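Next come two complexes, and both contain chain A; in the first it sits with chain B, in the second with chain C.
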Partner chain A sequence: MARGYLMAALAVFAAFSLCTNAIAVDEIKIGVLYPLTGGAAAEGKELRDGAELAVEIANNVKTELDMAMAKNSGIKSLGGAKIKLIIQDHQGNPQLGADLAKKLIQDDKVVGLMGAYHSAVTKTVAAVAERYGVPMINESSTSPALTKEGLKWFWRTTPHDGTFTNDLFLFLQGLTQGKVRGVKPFDKKELLPIVSACEKTEWGSNVDAAIKEIGKPSGLEPQISLLYAAKAPDLSSEGQSLLSVKPATMLFAGYGADAILMIKTLKSLKAKPKLIWGQNAGFESPEFVSALGEDTEGILTRTVFSPRVGEVKKVSAQVNNLYKTKTGRDLSGASARAFTATQAWVHILEKAGSTKPQDLQKAANEVKIDADELIVPWQGIKFTTTGPDLGQNVLGTGMIGQYQKGKDGKMILEIVYPFELATADMIFPIKGW
Partner chain B sequence: MEALRQAFDFSDFPRTDLCVAVAVAVFLFVFPALPHSSFAMATMIQFLMFSVYGMGWNTIGGYGGQVDLGKAQYVGIGAYTTAVMQIRWDLPFWVSLPIGMSLAVGWSFIIGYPLFRLRGHYFAIATIATSLILKDVFESWSFIGGARGLKIPLRAEMPDFWFLQFREDYYYYYVILAFFFVGLIYLNWFRQSRIGMQLRCIKDNEEMARSLGIDSHWAKIKAYAVATAFVAAVGSFHACYNFNIEPEDVMSLDLSVLIALMAMLGGAGSLWGPIIGAAILVPMKNYLGAWFGAKAGLIGLDLIIYSTIIMAIAAFEPRGIWGIVTRIRQSRSD
Partner chain C sequence: MDAFLLQMAKAITAGLLMGLVFGLVALGLTIIFGVMDIVNFAHGEFLMIGMYAGLLTATVFGLDPLFGLPVAAVVGFALGIACYYGLVRFLLRGPMVAQLFGTFGLMLFLRNVALLIMGADPQSVHSGLLVGKSFVLGPGIVIEVTKLAAGGLSLLAFGFMWWVMKRTKIGKALTATALDAQAARYMGIPTERMNSLAWGLGGATVGMAGALLLNFWPVEPNVGLLFTMIAFATVALGGFGSISGAAVAGLIVGLLINIPSMWDAFSMLIGGDRLQVGLLHQFKYSFVYAAYFLIMVFRPRGLFGWKH
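After this line comes the complex of A and B, so read on.
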C-alpha cells in the first residue's frame, strides 16, 4: 500500500522533469510569447499569424516580393539556416510569461525572444531576457517605460505611446485647424470637454499618464480620466461617470473584450460624443469590428497599418495579399507589427552571421532597415544605443485610422492621419447613439 | 519546548502518510540535482509558493471554516513592502520580510475585527470587497508606482542572498522550500494547538463553541492573522523572484480564488490538502498551457481540461482529493 502511494507520488513529481530538447544545427529557434487565450486572444492570433508569415517568407525564396529577406532561403550568412518559431501562450499573465521565457531560453535553447503584446508581460519577460543575456525584440508593447529601464537586451520596433499620444494631440490640433481631409476649421472649444478611460495595467496607466501630460500644454487635457480593470464584466458606472460631463471627445485605451464592452456600454447609455479615439489594441482587433459592426463607424484608432497603406506602398499590398490568402483576413496593426519584428530578427541574424548572444546584441544595435523593406509606413528601423530611450526604434511613426463603411458595406479603416496620407474624408462629428 | 515537540509530532497520521511525506520531502530536497527543465523548476517554485499560500488559507478557511476569498491583498502587502524597501531604501529582503508580515498582520487585525461579525457567504463577499478596495488604493498610490507597479532593479553582483537576487532559479527554490517546511511544521503545531482545536469546534458548531466559553470572534481574528503572515511572506518572496510587481498581478481576485481553490481542491482542513491541491493544479495549469496553449486548433483545450478536472473533483467529492483518500480508507476499514 505504502509502496503504491510512493510510486504514485514520485510519478506525479517526476512528470515535472520531462522536458529535454535537442538543438538542431540547421535551424534557428526564436521563442515567441503571445496571449493566445484570454481577453486578448484575438490579437494574439493576429500576432502569431503575422510572425509565421514573415518566417515563411524568410525561409523560402519568393522573388515576387520586393524585400531582401524574400530573396534568400533561410539566413544566408548562417548557411541558409531556417528560422523556427517556438510559440507559447502566456494568457496575459506576467508570471506565466516569465516562466515560459525561462523555458524557451533554458529548455528550448532559443537564440532570442519576441513578444509579448501586453506591456505588463513584456516587462517580466524582458527582465528574464536581461537576467540570462538573451536578445528580445518587442513588436507591439507600447508602454514608454519599457525602453526607459536601460535594458541591454531589449529592442522595440513599434513606436511607443509617447509617440502615438503625441500624434493624437497633433491630430486634434490639426483637426481644429482644418488640416484633416473633409473637415473645415472650427473652434477648439468644440472638442471640449475631453474624457479618457484606460485599462489599469502597465500599458493603460502609461497611456493615461501620457494623455494627461501631452494634452495639458495644448489645453486639451481630459476633464475626467479613469482607470478601469480590463477584466471587468461591467463598465456601466465608468460609462456614466464619463458621460456625466457630456463629453465631446472620448479617449480610450482598452485591450480586447473591454474595448468592445466600453463601446456597447456607451451605446446603451446613448452617448453623443463628437469624436471617439482608441489607443489601438482592442480598438483595432478584428473582433472589435465583427462584434460591434456599424457601431464602429466613425471611431478613430491609432494604428501602424491599414490595408490602405498598400495603395502607397507596393510591398505592403504584396504581403497583405499573401496574408489574406493564408488567413482570409487583411493585415492588422498587430499582424503587421509582428511581421515587421520578425523581419527585424531576420536582418539582425543576417548581419550577425552568428547565433551567439553578444554577436546578436551588437548586430541589433547596428542594424538599419530601410523604409522600402517594410510593410508598415515607417521611415525604417534603427534602434537607439544611447540616451533615455535605449533600444527604441527611432524611425517608427504612427497613423490614425477611422472606421468607415466601404463600398461593399463592410467597415474598413481609412487613414486620416498623417494628413498627407489620408485616404478618405473624415467623419466629424460622429453620429453617436 | 512543548510547542516545539508538538510541531514535530506527526504520530497521529497513518504510517503510509508519513512514508509518502518523507519520500516527497526527499524528492523536494534533491529535485534541483535531478535532470530537469527550467520550466519544471519554475513550476516547482510555483507549486511551493501556492502550497504555502494554501497552508495559510487552510488555517482560517480549512480549520476555521471561514471561506476567505481576499488573500491576494496580503500577497500585495508583502510584495510591495519588500519592493518599496529595496527600491527606496536599499533594505535587504530579510529586513523587509518581517516588516511586510507585520504590516499584513496589522491590517488583518484592523479588517478582521469587523469582518468576523459576518458569517458564511457574507464573510466571503466582504473579504473579496476589502481585497479589491485595497487593490484600488494601491493602483492609485503613486508612491508605490500606482497601477504601473514597481520594478526591482537588478543588482550588480549575483547571487545576492541579502536581497534575494539570483541568476539561477535553484537558489529561489531552496529559499521557498525552507518557507514550505517552516510553514508545514508550524501548521502541524497549529492544528494540534488550543487555537486549532477551538477553530475546529467553531467550524462544527459555533453556538456550541461559544457555550463552552470559546471566544469565537477573537479565535477567528487570531487565525486570520496567522493565515495572513503566511501569505505575506510568500508575497515578499514573489517580489524578489519576479522582479516586477503590479496590483493586477499580485492583488487580483484571480489570485485570491486560485489560493482558495487549490486548498479546497486538495482538501480544506487537512494538513496535506493544500499541498496536494497545489501539486495537482500548478503543474496541470502550466504544462497543459505549454503543451496545448499555442498550437493552432488546440487553443483553449488546456483550459477545458483544467476546468473539467476541477468540476469533476468538486462534483465527485466536495471535500477534495483528501476527502477521496479518506473515503477509500473508510471503505477499506469497514
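After this line comes the complex of A and C, so read on.
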C-alpha cells in the first residue's frame, strides 16, 4: 500500500515537473521597434529581415552553421523555449516609438526590447525600458550620447559614432601616408578643404560634433559644417554652401531619402570632390545604390559589414548565403547588426536561464560572446558595466567601404579600412560629376 | 566682389527655380480652395500619386519619364473627380470640422493604399531626358534642367489657369461658384459640376507636378508631406484662392529657403565667420514659416488674396 502511495506521489511529482517544464517551454516574446515606413523604411526592412533570420537559426537546429545558437532548438537553458519577435513600426517618430514600447511591455508582456535604428527613437524607447525595468538591446543607433546617460537596462552591441568617426580620421591620415591599398602617399593639404553636412536630429548632430572634435587635432576639421532637416524637399542651398569653398573632402551623415537627394543635388551642381564619405545609414542602404546606380561609384561609407567579410570569416559567408536565399539580397550593415543584436539576446537568455528582468540584467552585464560566433568582424561582444560608457559593447570595431563596380556591373562595397582587411584598390580621387 | 556676385546669382537662381517648383505644387491647392473654401489635406498625396503614375509609365513601358506627364495629369484629374464625388460632396453637407477631418482621412487613406501597393522603399528613375541633367550658365551658375523644366511648366500652367479663370465661360462659372455658390446656382450654373471640375483641375496640375518632380526626387508613400507643408505656407502667403498669388509666393518661398546661400555671399564679401552658415541651414524653413506667421498676423488674406 505504502509502495502504491509512493508511486502515486512520484507520478504526481513527475506530472508537476513535466507541467512546469511545459510552462517553461513556451515562447519568449521580444518587442522589436523598427522604422518600417517613412524615409528609412528600406533600412527598417533590412533590420527586420536580419533579426528574423537570427531567430530562425536560434529556434531550429542548423548543424551546418559554426555558431552556438545554431546547435540548439530554442533556448536550451529555458527548456527549448522559442523566441518570438513582435515587430512594430515606429515610422522614425520618437513619440510613437515610446508609445509602442509601452504597449509592448504592458499589453504584449515582452521580456525585452530591441531597436530602434534612429537614435532619437532609441532614446525615448530606452527611457521607457528604464522606467519599466525591462532590458533593451540596441543594434544600430550610434549616437554616443545613448550610453552616456547611465541607463541600467540598456545595452548597445554596435560601436558608436565616437569609434566610427575616430576610424574615419585614422583612415584619412592613413590615406595620406600611403597605407590604403592602391594609393600612394600624398600631402595632407590635398584633402583640404573639408566640408560636412549632417541631418539635424539626435544622431546627425552628434556625428557633427564628433567630426569637429576628433578632426581638430589632426588638422582635418571641416571648414564648413552644417546641419540640415532630413525631411526636406530641397537641399540645393546646402549643396551650394558646401561647394562654395570647392571642397576636396565631403563628409555626410544622412538617413534614407535625404542621402539620395544630397548626392543627386551634388551631381546636378556638378560637384568635383576627391573624396565623399557617408556615416553609414542612408549611405549604406540597398536603396542608396538602387536609386543612384553608378553615381555611387567611389563613395565611401563607414559600415560594419560587407559581403566581402565572408572571404575572411566563414560564418559570415554561411549566414550571408542563408540571408540571400531568404531575401534575395546580401547582408548589409543594418541586417548584419540586427542579426548580431538578436544573437546577443539569445546568448543573454541562454546565460540567464530565466526571463525575469533582474536575471536578464545580470546575464547581459556578464555575457561574453567570442569573435568566432559573430558574422561582423568584431573582437566579440562584452558590455561595460562601469564608467561613462555604460552598456556599450567594447569589442566592436568599424570598417570603411567604397562602392565600386563589380565584374557583373553591379555596385559592391569593397573594404578599404581596416587597411589589413582591404579587398580592393581604393579609387582616389573620385571622378566627380 | 566677383565671388559675391556669383554666389548671390547662384543663390537667387536656385531660389527662383525651386520657387517655381513650389508654385506649381501649390497651384492645385489654391484652385480647390478658391472655388470651394476647402483645404485639401490630401494634396501631397495627389502629388505622390502623380509621381507614382510617372514612375510606372516610365518603368512598365520603358519610356522617358516625360511621357508620364500626360498620364499623371489624367490620373490626377480622375482622382480629383473621384474624390469629389466619392467623398467631398458628402463632406460639404457637414460642418467645417468634418471637411478638415475628411480630407485629412483621405490623406491617410491614400498614403496607406500607396504603401500597400508600392511598398515603403523610395524609388526613382535612372535615365531620361531630364534626369540628373544640368548645365552651367556664364561663370559657374548651375541650372538644374529638371527644375528649369518644372519652372517652365509651372509658368505654362499658371498662364493656362489664369486664362481659363479670366477669359473663358468655364472660368467665369468657377469664379461665380467661388464667390457665391447659391447665387450661381440660381443663375443656372451647375455648381456641382464646377466643384468637381475644380477638384479635377487641382488634381491634374499637382499630378503633373509630381510626374515632373520624379525626374529629380525619389518617390515613396510619405513624399507628399515634404511638399505639402511648404505648399500650405505658399498658398497662405499668396492668398488662398489666388492663382497669381501662388506663383509669386512660390518664388518668395524659394528665395527665403536660399537665405543661407545668400549669407554665404555676404560672408565672402565681409570675410565673416563662415561656420555660422550651418546654423542658418538648420533653420532655413523657419524663414518660410516666419513669413507665413507675419502674413497671418498683418494681412490674413495673403498678398493677393481676395477672400476674407
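Going forward, the second predicted complex is superposed on the first by the 408 of 433 C-alpha atoms of A that agree within 3 Å, B and C clash if a C-alpha of one lies under 4 Å from a C-alpha of the other, contacts with A are read in each partner's own complex, and residues count from 1 in each chain.
Please note the rule applied: a contact is a pair of C-beta atoms (placed from the backbone, for glycine too) under 8 Å apart; a residue touches a chain by one contact, two chains touch by 3 or more.
Just so it is clear, the model here is predicted, and its values are computed rather than measured.
J.: Identify the partner contact of A:Ala291: answer first if only chain B is touched, second if only chain C is, both if each is, neither if none is.
T.: Only chain C; A:Ala291 stays clear of chain B.
J.: Where does A:Thr386 make contact in the superposed view: on chain B (first), on chain C (second), on both, or on neither?
T.: neither
J.: Touch test for A:Tyr228: chain B only (first), chain C only (second), both, or neither?
T.: So A:Tyr228 only meets chain C here.
J.: With the two structures laid over each other on chain A, which partner does A:Ser237 touch: chain B (first), chain C (second), both, or neither?
T.: In the superposition, A:Ser237 contacts chain C only.
J.: Just to be sure I read the superposition right, which of the two partners does A:Glu202 touch: chain B = first, chain C = second, or both, or neither?
T.: It touches chain B, and chain C stays clear.
J.: What is the contact status of A:Thr37 with respect to chain B (first) and chain C (second): first, second, both, or neither?
T.: both
J.: Considering only the touch criterion stated at the top, classify A:Ala257 as touching first (chain B), second (chain C), both, or neither.
T.: Only chain C; A:Ala257 stays clear of chain B.
J.: So, does A:Lys267 touch the first partner chain B, the second partner chain C, both, or neither?
T.: second
J.: So which positions on chain A get touched by both chain B and chain C?
T.: 36-37, 41, 45, 200, 227, 229
J.: With touch defined as at the start, can you tell me which chain A residues reach chain B in the complex?
T.: Residue list for chain A touching chain B: 1-2, 5-6, 9-10, 12-13, 15-20, 34, 36-37, 41, 45, 48, 87-89, 91, 94-96, 98-100, 102-103, 105-107, 120, 123-124, 127, 130-132, 143, 145, 149, 200-202, 204-206, 227, 229.
J.: Using the touch definition from the top, list the residues of chain C that touch chain A in their complex.
T.: 7, 10-11, 14-15, 18, 115, 119-124, 126, 132-134, 136, 142, 144, 146, 216-218, 220-223, 225-227, 230, 257-261, 264, 268, 274-275, 277-279, 281-282, 284-285
J.: In their shared complex, at which residues does chain A touch chain C?
T.: Checking each residue of chain A against chain C gives 36-39, 41-42, 44-45, 197, 200, 208, 223-229, 231-234, 236-238, 240-241, 244-245, 256-257, 260-261, 264, 267-270, 287, 290-291, 293, 295.
J.: Which residues of chain B touch chain A in the complex?
T.: Touching chain A: residues 15-16, 19-20, 23-24, 27, 31, 34-44, 46, 139-140, 146-149, 151, 154, 167, 169, 242-244, 246-249, 279-280, 283, 286-287, 289-290, 293-294, 299-300, 302-303 of chain B.
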